[in-house]
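Chain IDs A, B, C and D follow the sequence of writing; residue 1 opens each chain.
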Amino acid sequence: MKRIGILTSGGDCQGLNSAIRGVAKALYEHFGADLEIYGIKNGYHGLINGVYRKMEPIDFSGLLIRGGTILGTSRQPFKTMQDKDKDGVTKVEKMKKNYKKMKLDCLVVLGGNGTHKTANLLSEEGLNVIGLPKTIDNDLWGTDMTFGFYSALNVATDVIDRIHTTATSHSRVFIVEIMGHKVGWLTLYAGIAGGADVILLPEIPYDIDSVNRELAKRASIGKSFSIIAVAEGAISKEEAAMSKKEFKKHRAKMKQPSIAYRVADELRDKHPNEIRVCVPGHFQRGGSPCPYDRVLTTRIGTSAAQLIAKKKYGYMIALKDNEIVPVPLKDVAGKLKVVTPDCNEVVTARQMGICFGD
Amino acid sequence: MKRIGILTSGGDCQGLNSAIRGVAKALYEHFGADLEIYGIKNGYHGLINGVYRKMEPIDFSGLLIRGGTILGTSRQPFKTMQDKDKDGVTKVEKMKKNYKKMKLDCLVVLGGNGTHKTANLLSEEGLNVIGLPKTIDNDLWGTDMTFGFYSALNVATDVIDRIHTTATSHSRVFIVEIMGHKVGWLTLYAGIAGGADVILLPEIPYDIDSVNRELAKRASIGKSFSIIAVAEGAISKEEAAMSKKEFKKHRAKMKQPSIAYRVADELRDKHPNEIRVCVPGHFQRGGSPCPYDRVLTTRIGTSAAQLIAKKKYGYMIALKDNEIVPVPLKDVAGKLKVVTPDCNEVVTARQMGICFGD
Amino acid sequence: MKRIGILTSGGDCQGLNSAIRGVAKALYEHFGADLEIYGIKNGYHGLINGVYRKMEPIDFSGLLIRGGTILGTSRQPFKTMQDKDKDGVTKVEKMKKNYKKMKLDCLVVLGGNGTHKTANLLSEEGLNVIGLPKTIDNDLWGTDMTFGFYSALNVATDVIDRIHTTATSHSRVFIVEIMGHKVGWLTLYAGIAGGADVILLPEIPYDIDSVNRELAKRASIGKSFSIIAVAEGAISKEEAAMSKKEFKKHRAKMKQPSIAYRVADELRDKHPNEIRVCVPGHFQRGGSPCPYDRVLTTRIGTSAAQLIAKKKYGYMIALKDNEIVPVPLKDVAGKLKVVTPDCNEVVTARQMGICFGD
Amino acid sequence: MKRIGILTSGGDCQGLNSAIRGVAKALYEHFGADLEIYGIKNGYHGLINGVYRKMEPIDFSGLLIRGGTILGTSRQPFKTMQDKDKDGVTKVEKMKKNYKKMKLDCLVVLGGNGTHKTANLLSEEGLNVIGLPKTIDNDLWGTDMTFGFYSALNVATDVIDRIHTTATSHSRVFIVEIMGHKVGWLTLYAGIAGGADVILLPEIPYDIDSVNRELAKRASIGKSFSIIAVAEGAISKEEAAMSKKEFKKHRAKMKQPSIAYRVADELRDKHPNEIRVCVPGHFQRGGSPCPYDRVLTTRIGTSAAQLIAKKKYGYMIALKDNEIVPVPLKDVAGKLKVVTPDCNEVVTARQMGICFGD
């Protein structure tokens, strides 16, 4: 009897359920009746506290198109994993204990960067773990693509498309804030796909005067509206030069709730047009996964099942050059894949005349 | 030779271009070569300043699916219409002068409540005017439906749908702010269509304790997430009891930029779950009109052309009991169609167990 | 204890699950624990054969956005209802027997024209029945709108939109076949919403020469492509003049599987452009209901629950002038609401220059 | 002065206009006023007959989201390129003459397999040519991805999603025909993304008995519906064993217009459930490109402009391992990238329990 635990951790995104389905269906195809799958509730939280239930094949039906995660999810900061709880036991020890109590052959975790750091830790502690790369940020090291990214891109691009028509009708500058605290892939892609005029990313600190010059240049050739796509984590050149402490203090002083509003304030002094802000927020990560993500999650999910069949543990399943390959958890844990200023997509954007404010 | 001017005024919405196409195509079908159509730029602003251009049939091609307005739009507060400009002339006088200079037989205006007040004023001043009811708010008196409403409803409902999956995955309370400063039709419909648990409207002042009780009730029966749909203009019972002056002062003190954030703050003290806010904003009114709005705008547009052919002026084109009928501008100008607490849609929502916080 | 049976009958459409949810949730709100709902499987088939199961509140969760019907459906021709089965008992008698065996207080049926004929029959036989008007055809007498129509319209219009870009790129004539065997509402609306150049309906027999003249006229003014929206049940003038028997013989001789192919053949002799056919078929009725239908089904569903609470039976729930009202089953059973050549929508289309081939 | 000609050839697809925009905007950014772009009408047809026009920057505005091709397109079979026309001159000679008459520095062609064969021929004849890989089939050798594929996949998957709800509601077998005469990538991906139970491809001949066994197996475990995704060019094992001549004869005898109907007929004898066919057809290739294709076309388009700036001709722009690279036309012309039975996607599908009928 194979006993497999599965959990989803970190922020939810499109494709989690589809990936769960992929793992489960491929496992059932392989092991048949000789298999028990345990759904662990709300990410590592459920493993720490022993909250799980035995799943049946019917539980995995209808998941291909369903947003969110049927297992629930939560954020568990990696840095607290070795802290002792009030009962004097660390979270890692609790997870190991529950893993053994459940008699698992393998734990499958679906998550992003933090999730994989913990997965690697559990692997180092001797548990059999396989990781599936989930995040709308596409910032996981070791894989060309994470699932969720293209689904979120569809939503974010649709927002920019719709803002385009209202921006042109009203001759307005619109600042659209796209998700991404640390990396700018989603904003970069949505900016290109939505025909943004300016793109501001965490990886390329901006100078507001440069942005203003671009708006002025557009106005001078009769283009009375402009679209600025800004990542949640975009920073100015001044901010980039600050120490971490200075930066925190600087941001704490600001009244505006998010970067798009701050950029609007910075522009407002100098720009004659109406300026409006659009912060779509969490709905970028909700809803049904797009076909790209459904295929990717199915490929990744079945691949996880094959690794389990071969008793190969300690890997994250990655997409590399359109092949699905396992990469050791220790090679990817804790590393971020960020936008580099000379990557092909940034170069492309510049060649289209898009301004990065640098 | 018939000479028709056309302008779009107020906030843009889906269906403006489709309505312009409807008017133009039906006019060309009727008058053939004996017709000149003048596109007036940026709403009443263009009429005041004499900014317009002669349109050709090709200009109206491809408009059925195109968001925004090819004519541009702007807001011109009704109350300033009789003020003298720095040249000592009122805006109304300037509009009359340009109307005559253009030798128009009729001016077709597409707009909402303010637009129709001005249209009525111009009609009273002797101009031939026909109004087309545009707004995502569906708050125009005299018509069952305005165009833009159902397109915006589709966008707003999609937002709630996507928020649903992330709310359930994270066991969160999500507050989604829907457009509507004065009336709550869009929020009411989006709330019903999106399966919201709580709906807060300008017309039904809310008591935050009542909302909290509803969330607690849901939690007590194992429903760990909740969706609150709140209209931009929703107000609390305390606020409803204030004088206009007190209310302004009260709101000015608030730090949060919009109602959804304020409701979140009010709830946060008392509610254990994570609370998140989603303010989709302007993109609700952008993009291609939905088929409902395409048919409605085509019906309204052709009807405007028929009135012009019959030289019947001074009307807004309305939908009543699924027929397209003209209603006198003077009967509709300045009146709002608001949600009444006993309307069928509110009653329906209550029977579904939806809480209005009252 | 209230005991309510519910079934869906006839072709499926968007909004069935949402309507089921509306009835159930409003019933639970009203009767609380004093209620049992029985889901009858596959329409009248399940009532005839006694296939049903007790539903729980959880069964009605998640239905708002879900396409199809969780109860299953089937077609049961009305004319066979009084035939004796091989066991010498009529279907009506079996249904009455099972209704009594289940001790139902009311049977709620969701369906179209045939379904309501049977519903009326059961009502005449003494059963308590309430009907909900479902069909993408919007051809039910007594209601302004049936649910499913606007959802299907969205799909059909999207098809025409997409065909438009390929038609213009290739300078082709495209014939798009829209669902509707007996009535043309869906084709009429999709044709207007999609910007079709020609619309062919069951209610307005066409002359192929008239269609060809329209295509030639378009070509003569430089419009190298054309879109023809044709209802499944469209007929030519020659066919309209035939007896029922002649017509059947005439159609049986034809090789092409559906009307769009036949029209293509008729045109091909005389038209120089490439002609292509698109028959989207059943997917027009699948998938999630649009917000319009979600609100409509919720209103209709809660209204059914209110009638049950008041013990008012023998009605179909209708939308009239934007109010939800009960209309006696006997007044609507067996009547079709067809397109009339002088209805506002046809007049609108003609004023836009759309050709009906008559 | 740089003079660049551009044409689109073969069947249209999503992303053509976006790619045209990419090329043009990047060329303007690079050459500024020192550039003339000529739009050649209706593919090679326009080059053969000298039908073209000088484009202005404004012509490339708004193209990012627009379906089809503003240049028009047509099919020109490669094999007729060296035939003499009625005037005794070959098409190739005419194209060379017009290329010279237009004084082009480079001809940019957007097209699929046939288009690139002709592009290579023109390159061999001494013209400067750059090819952009367009096709919903993703069957071009030398590139990981062609634009159009993912947009068409979205449409095809949406069709299967909607069919799913009607299939389950009616317990039907549905056969959905997906575009692809020679290769099955689109059907394979749509089948996986849509959760099809059976996938039939040109590259994997099917045995109808195998398909029937799969349906029977599903029925035996209570799954009363099934979805079969079949590519236009799917063939049976018997057909695969035929000579080309025999095959043509065999197909000519068939009454049904397309493969989905034939499979339905083959199944109907042996399967008890209702069987329905859905042939969405050309609308799979129409409408706005998805964000994936918008980014891809922008990257490919700018890359073409860079090659032109470097005077590097004779290449197709390809996506390889997420980099944009030029590949020599002679290396790709005439080669197809087909589905191989052991490719990761097919293996994935089998591991999910999907039947290929082999």
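Just so we're on the same page, a contact is a pair of C-beta atoms (placed from the backbone, for glycine too) under 8 Å apart; a residue touches a chain by one contact, two chains touch by 3 or more.
Predicted, not measured: the structure shown is a model, and the values here were computed from it.
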{"item": "Contacts common to subunit B and subunit C (chain labels)", "value": "none"}
{"item": "When subunit A is superposed on subunit B by its C-alpha atoms, the rotation angle in degrees, nearest 5", "value": "180"}
{"item": "Centre-of-Cα separation between subunit D and subunit C, whole angstrom", "value": "35"}
{"item": "Rounded Å distance, subunit A centre to subunit C centre (Cα mean)", "value": "42"}
{"item": "Distance from the mean Cα position of subunit D to that of subunit A, given in whole angstrom", "value": "31"}
{"item": "Subunit A, residues touching no fewer than two other chains", "value": "161"}
{"item": "Chains that touch, pairwise", "value": "A-B, A-D, B-C, C-D"}
{"item": "Footprint of subunit A on subunit D - complex, ascending", "value": "22, 25-26, 29-30, 64-65, 144, 150, 153-154, 157, 161, 189-190, 192-195, 290-292, 294-295, 298-299, 302-303, 305-306, 321-324, 344-345, 347-348, 351-353"}
{"item": "Touching residues on subunit C, where the partner in the complex is subunit D", "value": "8, 11-12, 16, 42, 66-69, 72-74, 155, 158-159, 161-166, 168-171, 174, 255-257, 261, 276-287"}
